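Handing you a structure now.
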Amino acid sequence: MKIRVYYEDTDAGGIVYHTNYIKYCERARSELFFSRNLDPTDGEKSGFVVRHIDANFLGMAKLGDMLHVTTTLVKQKNASAVLRQTITRDNDKIFEMDITLVFVRNARPAITPEIFIDILEQL
Amino acid sequence: MKIRVYYEDTDAGGIVYHTNYIKYCERARSELFFSRNLDPTDGEKSGFVVRHIDANFLGMAKLGDMLHVTTTLVKQKNASAVLRQTITRDNDKIFEMDITLVFVRNARPAITPEIFIDILEQL
Amino acid sequence: MKIRVYYEDTDAGGIVYHTNYIKYCERARSELFFSRNLDPTDGEKSGFVVRHIDANFLGMAKLGDMLHVTTTLVKQKNASAVLRQTITRDNDKIFEMDITLVFVRNARPAITPEIFIDILEQL
Amino acid sequence: MKIRVYYEDTDAGGIVYHTNYIKYCERARSELFFSRNLDPTDGEKSGFVVRHIDANFLGMAKLGDMLHVTTTLVKQKNASAVLRQTITRDNDKIFEMDITLVFVRNARPAITPEIFIDILEQL
């Protein structure tokens, strides 16, 4: 997934504000569903929530940069999954994180729907 | 209402990103309700939505600035209201807008609850 | 320009937070430059700043929507320009604004560089 | 530091968008400087950058919540520091992260100014 850096993404330091790399990764995760015409929730009151993030900020993107987000599956369990997401510009790795997602229904962890598991396993 | 400018609010131009002044004004409107322990919605599926904004950007705020937002009522109708919101730093006016809000219930304009009208009329 | 609505763009009302339509329009303006490999500033300390916005919020976009932003030139002057930007989903107009931009150098209005005028006049 | 949850902070899931907890923590770090009338940079081209984040999302904040951010020093070195930042609502811990900051001057790690070390050691 390609993401352009706009003014809204930068801060007074002249570079991308740190949390925005994590937002770019969320866009890439959501796009896994949207691009298949799927809703990332499975009906109301359900969906993935973020439980844990371990992130390394390795470089600095700036206004106008074109970034690439890649997503791979590290671990899949019944009610949770760990993904590794990497952001690169050309061949430079700028950001990398492992993110743990929990599938939640009515505010409690629940079995992830099969179709969602399939999508993650194709990564 | 006092609002501090943080890194997230600024952009690579070194100043506050233009739409953030409009966000600050929304915080001030919501705080009218929160500070009275009221929910700005009146039950689910209802609340004010923004219909029109006429905004003048008169100055530039920067990182660390302490801004003040003031809100006055311009016009109150059954299902809508016009507010004027101004952002100043010390005595400099940085931003001013007239905003038209419509009270909506189930996606249709509806009579504004009395308690909300009272709050706006006290402005 | 096509823009997808992600979680970050929505709010607890279930729809796109109002200021984000204005951010989408900024992306479209910046992309006019980026897509030509141009920097929207003309060296440091210069660039367009927003002076005035007159915006109508006509509909509500929601998570996963694919929006289109179109930009036309309303008026071009030496140091400023008025653009009309419209956001549609399929054939529904969701948002429309007239935005006045001023070209600024060292914090003062300045003659807009020729190359920027050309880009705006092609709209 | 007290932080109110506004509409802009929430998403269509009805709760605070995950990266915003990390933004709240940045506000608290910046406020350490602003509240002492200090600039978090030490002249241009210098300041703290985020190198690593290890974050646990333990609860969900919602519109109107009043959150508290607390910051403690875990480790201080010449050119970097690790802080632990916790967000609570009443007595519930909602978010906790360890964040590694590197002091950078002209895009390279550099000795942290004494005054900044003092501020962190008072935490």
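Note that the chains are named A, B, C and D in the order they appear, and that numbering of residues resets to 1 at the start of each chain.
As a working rule, contacts are C-beta pairs under 8 Å (C-beta built on N, C-alpha and C of every residue); 3 or more make two chains touch, one makes a residue touch a chain.
Keep in mind that this is a model prediction, so the values were computed, not measured.
The greatest centre-to-centre gap from chain C, using C-alpha centroids, is found for D. Here C-D and A-D are compared, and the pair linked by more C-beta contacts is A-D.
Centre-to-centre, using mean CA coordinates, chain A is 21 Å away from chain D.
Chain centres here are Cα means. That of chain C falls 31 Å from that of chain D.
Looking at chain D, residues 7-8, 13, 19, 23, 26, 63 sit in touch with two or more other chains.
Of all the residues in chain D, the ones that touch chain C in their complex are 7-8, 10-15, 17, 19, 62-63. Taken together, the chain C residues at the contact with chain A in this complex read 4, 6-8, 23, 26-27, 30-31, 33-34, 39-40, 63-64. Chain contact summary for the complex, chain D toward chain A: residues 13, 18-20, 22-23, 26, 41, 47, 49-57, 60, 107.
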